[in-house]
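Read the structure below first, then the notes.
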Amino acid sequence: MIMKKTTRNNLYTYALVIVSFIIVQLLISGGNITSSLKGQLVPICAYVILAISLNLTVGILGELSLGHAGFMSIGAFAGVVAAISLEQIIPITLLRLIVALIIGAFFAGVAGFLIGIPVLRLKGDYLAIVTLAFGEIIKNIINILYVGKDKEGLHFSFLTDSNALNLGEGGRVIIDGPLGITGIPKLATFTMGVVLILITLFIVLNLIDSRSGRAIMALRDNRIAAESVGIHITKYKLMAFVTSAALAGAAGTLFAMNYSTIIASKFGFNTSILILVFVVLGGLGNIRGSIIAATLLTILPEMLRQFNSYRMLLYAIVLILIMLATNSDEFKNHLRGLKERLLPRKGKRGAEDGQS
Amino acid sequence: MDKANSTETKMISVPSTNPVSEGDVDMLPVLEARNLGINFGGLMAVNGFNMTINRTEIAGLIGPNGAGKTTVFNLLTKVYQPTHGNILLDGHDTQNMTTVQINKAGIARTFQNIRLFSNLTVEDNVKLGMHNHINYGMWNGILRLPAYWKGEKQAHEKAMELLSIFDMQSLAGKRAGSLPYGAQRRLEIVRALATKPMLLLLDEPAAGMNPSETAELMDNIVKIRDTFQIAIMLIEHDMNLVMGICEKISVLNFGKIIAKGTPSEIRNNPQVIEAYLGKKREG
Amino acid sequence: GGTDKAPAGQPDAGGKEPAASAFKIGGTGPLTGGAAIYGNAAKQGAEIAVEEINALGGIQFELKYEDDEHDAEKAVNAYNKLKDWGIQMSLGSVTSTPGVATSAETFSDRIFALTPSASAPAVIEGKDNVYQMCFSDPNQGSASAQYIVDKKLGTKIAIIYKNDDVYSKGIYNTFVSKAKELNLAVVSTTTFTEDSQTDFSVQLADAKKNGADLIFLPMYYTPASLVLQQAKSMDYSPKYFGVDGMDGILTLENFDASLAEGVMLLTPFSADATDERTVNFVKKYQELYKETPNQFAADGYDVVYAYKKAIETAGITPDMSAADICEKLVQVFPTISVDGLTGEKMTWAATGEVSKTPKGMVIEKGTYVGMD
Amino acid sequence: MLKVNDINVFYGAIHAIKGISLEVNEGEIVTLIGANGAGKSTVLKTISGLLRTKTGGISFLGEDITSTAPHKIVERGLAHVPEGRRIFLQMTVQENLDMGAYTCPSGGIEAEMDKVYALFPRLLERRKQIAGTLSGGEQQMLAIGRALMSKPKLLMLDEPSMGLAPILVEQIFTIIQEMNKAGTTVLLVEQNAQMALSIADRAYVLETGSISISGTGQELSESDEIRKAYLGG
Amino acid sequence: MTFLSFLISGLSLGSVYAIIALGYTMVYGIAKMLNFAHGDVIMVGAYISFFASTRWNLPPVVGVLLAVVVCTILGVVIERLAYKPLRAATSLAVLITAIGVSYFLQNAALLLWSSNPKVFTSVVGNASLKLFDGRLTISVIAIVTVVACLIIMAALTWFTGKTKMGKAMRACSEDKGAAQLMGINVNFTISVTFAIGSALAAIAGVLLCSAYPTLMPTTGSMPGIKAFTAAVLGGIGSIPGAMIGGILLGIIEIFGKGYISTQLSDAIVFSVLILTLLVKPTGLLGKQINEKV
């Protein structure tokens, strides 16, 4: 049988990730990579996974979510708490990281399920605002959450402060409310990040190209028709939402394990929006696009550092121009016109230069 | 494929008037609507609607614009919950059932305003019709276990078979939204058929088609009934089609049935002429 | 952006200038976004110091500040950028959360860091080569409680702190435990967040209802100015006690100084001080940036001078590697004493913690007056 | 009155209209027939300015309107009942009719509305109903009624009979003829070719983006070729 | 008495949200886009008014008018350059562009006006009314804001419901193509929408900063998001809804802080929002549009 178009397309996507990985590894072993780029490898992986997972909700399921960073946050905190509390039990770091990733994904998935049940009944912008609200609530709750561990295990406390944990001798505060977690073991590695991207791709691409994925896309295209052919709306909405949340959770763990500190405020509205920008820029439903957009847009602000204080202004302008260039026919025509006008002028200017 | 097609075409070349074949068909009606009604903020869009449809029958529902025909379909498929009356499907009351359950229980439909999954391929649209007949779960799909390959292979074959009814196999890979209007209408029918219904509801299947396309559609509706041995109920304003293939017709006006009967009875019913057909002769 | 102008006479093209004659120092701070005031202030303060020192002709500095948007992730990126540039000594990060992240990096990279203002204990905790120029949060919290008790400033205390902020929460924590120890009654504790820092009516009403006669405000001056304004419109006039972040309130453009009348704070720096160093600094700052410097600017300024002193003491030269410099500085820092804008004879413990005496200040008629 | 001169229209890369020229004279009923996807709707949309030509020109009442904005074209007296009705689903029936009279001075609106209600009494009954909940046929009546509100000089109708009960189809065709007698020129796109040809002065047959045959209504309805292809006989 | 004073604080905060939400909902309801840059236009308006009074010594009224004019022009220019080319694109593409515009405005303000906060002088002074022997104070600015909010709501309701331009706006919001066929100049109509929305943003900026007088480049972003929340709570596109949503949001925020916990106040506000939408899925006054099958 001839390979299906989607199958071929998917293979390109895997190849893109693997080839990029090999190139980067070669650069690293040759010492040809800047600290700046090297430092961004893990966060890029995390953002790629976040973008892919959000694309599942926004592009494939067709529901706008403005609270994706909330799931990232749950994954980050749950995963790091797990990694820290398992320090003695699992001494092998790789194994501990894997366990942390799974726990991060699990908690975020559970949150996705609990949130999904009420939320997914809403439509369009109403759903979007509720996801935003949940993102903010998660942030608020982690800000008043205190977790510590001692010989007796984990202790939890809300609202007061770390003293209320009543930790025993040699106990350690892990989550200290708004101070977040400090002293995180830096377990995340670029290789692990790439492996996680590949797993994410495997899950998402295979899900899309299967019976369940078709059902999810059917909901997006026409809910009423989907019901009329016997597709259970809530089940498939939840399936997409929970998968998306769980993957975001794993990405959150990966992300957090790359920094020595995390705080809840990091995972607010702005981060949710950032991930959404990746998805929209890469194209709704276009997984490879998400990967590329997440990578480029994570690197872009760093590339603009040479412009000093104009950096973020330029970032904004570049973002607007990219959106116009990829989405507007009118703008494309302008560009074409501009090019036509500029080319001859360029020649003229050259002549002038020659004269003076 | 081609061979099968030609034999089938032969089979339907003469529309049979008595499709009820021997023994295996249960004589219980597929559908029975009793005193069905719905109220939209004071407007009784459908009122005291009674109707039975027998197995392998082609029934027509006609009536002026706004008479409540589409609403009847919406009641039968539980897009709206009836405010009065009962619907018996295969002898079972469908009270409290949802649209999804109704479909699983055996009613499939098309829509007056086409509702395809327009960003998906033609093949995927049909496979979605088969959704509840493909038996593998989410993890089988993600992990690409044998059940996935088997299920997808069967689904693909079955989808192609269904598409062949309208000679649409070559369009399988196209985006449904990019098809010409007529093809979209046909695809909707195929998708509905893929759910393996006992009763197929068609809402204005010939709308937007020109006369020659309509003629072809008529042949195909009969062919579908004969091959799948199902009942069909259709709404249509094209009298050539209604009078040509329906075995019995109900006429709705202001939410109430004003006449029932065979095509010739309806055609000559003065009330129907007055409210619906107009003076012009029908072909 | 004045970074490129600051190191006067330094050709900044390429890192391979013959026999590097200037020390490359740099730090990260929020230069954009909501916390940009702090980052820009620290940067500008440091720029002035660099300019002054370079003009002397001896030790030469090349200073570079990178934007971290008050975010740990961006701070690590910014720090890595500085590493690529060839940073030899770090000014850490301006704010605490990024500071914790970058100090972990400087620790493992063996680059010495002296942060002007990242005051959380976690910034220096367990890192032998990371030092603070500012008080650490616990010190401020307990010192404030102690000061209030010693001077009998108030008996019933209300606290308003910023619930999602490391700095604010850190000071609050230690203030409360010290207050308990000293039997200082805290009658009202309320919070706000980044997202709800416009309206303080509820917090003030709670303080008022519980009869608080002094409100402790462990927060930066921007929200504090709103607290003062809203309390006034409620006809509530308790005493206010602030922390070093409160300094700067008088520099707010168009601020009605009468609102701050009687506000007390523990701060190591005041732009109104009359000593020559401060007067000189404030004048330069105003000329260059058209603003009055706040404590962050002063801290930034002092960091550069502390480095100058340490370099002189340890005999460090610009051609040394960052790691070598780091080892020398680790040895020398606990031994030196520096005079700066934020304190005379500042010294450091080997933990990285600074020791300087905070001055109790009170705002009277729009200027700071020593409180003793 | 309307002159379409050798227009080419593209949807992205798809060349939908390939050099079509046609003419509608004052007082005529001209019909445009053709199979699904032939490009009939595209022609109408191009005339009313919703789509732009790549090459070629369109003039209306002697003035060039090739690149005139759609709302300006409407002001000059051209109304278009688009395919798929495009009524304002969230407005009431009456508000929809009001919108139809957007370009008219507010004075004569009442009278015009009464005329539309007289043509379609069902709309009068449903005057306060949200248009989105009307039945398919009712929506079609509203779309036509709305276009009449602007008292157009040239009325372009895209499949007005679609989804209408036989009795209404007849009515609509009668209305078209009556309006035409009262001075409105009509350009009609229809699937129901037989009826369209029977009232048309002239007709064009469209085949995948170009005009294959043109002639008087009668000539075409008698042509064998046409009968076979479009009249189902 | 605490209850009353909380209520008044809530009303005052809420009506600031409401005024922003009115501008938001206007653009949102008609151009069908989430204009995340709206909050930043507010900020620009406040800066203009600030400079008018402190640097150029203009009387407050002139300052406000100047702010309105500048914001109106700004809004129209933004629409022309950044949103108009995207008429045919998905609404998400426009949303992302709006975010780009928001970043742009914030960073431009940072470069132009520095990160140093400025203290805004209330346009109506800091006077307040004292009731019940001074146990209850109501600031004049709170009263002005509430009144302004009511006037704006009434004016907008009249404008969109009764004027020809208002009708054109409603038509554009539903179907731009069909609106053109009615003879409506869609581009002009949308420009007018943005002009009105931005003029309201200027007024909101002045009132916001009069009540809560710190002004920085990021001043508008949080109130912008809160106002968006308020607009949805009240029902998307509904003008009275935006007003009610805004005021409720303010009251809930204050009551949540006052009676439950200041630490949880954000969570409380958003939980109420979620609960409301679960009970009324299209907001308080939003129309439930059932798709006809």
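Just so it is clear, A, B, C, D and E label the chains in written order, and each chain counts residues from 1 on its own.
One rule holds in what follows: a residue touches a chain if its C-beta (ideal position, glycine included) is under 8 Å from a C-beta of that chain, and two chains touch if they have at least 3 such contacts.
Computed from a predicted structure; not experimentally measured.
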item	value
Minimum number of chain-to-chain touching steps separating chain B from chain E	1
Centre-to-centre distance between chain C and chain A (centres being mean Cα positions), rounded to whole Å	33
Whole-Å gap separating chain C and chain D, where each centre is the average of the chain's CA atoms	73
Computed distance of Cα centres, chain C from chain B, in Å	75
CA centroid of chain D to CA centroid of chain E, Å	43
In chain B, residues with contacts to at least two other chains	70, 79, 111
For chain D, residues contacting two or more additional chains	133-134
Junction residues of chain E, two or more chains touched	106-107, 110, 263, 266, 291, 293
Complete list of chain pairs which touch one another	A-B, A-C, A-E, B-D, B-E, C-E, D-E
Interfacial residue positions of chain D with respect to chain B in the complex	35-37, 122, 133-138, 140-141, 159, 162-171, 191, 193-194, 228-233
Complex contact set, residues of chain B against chain D	40, 62-68, 70, 112-113, 180-183, 204, 207-215, 237, 239-240, 275-280, 282
Chain B residues touching chain A - in the complex, by the definition given at the top	77, 79, 98-100, 103-104, 108-109, 111, 115-120, 124, 127-129, 131-132, 134, 136-138, 140-144, 148, 151-152, 155, 173, 191-192, 194-195
Touching residues (chain side chain E, partner chain B) in the complex	293
Touching residues (chain side chain E, partner chain A) in the complex	34, 36, 82, 84-90, 92-93, 95-97, 99-104, 106-108, 110-111, 225, 228-229, 232, 236, 261, 263-264, 266-267, 270-271, 273-274, 277-278, 281-283, 286, 291, 293
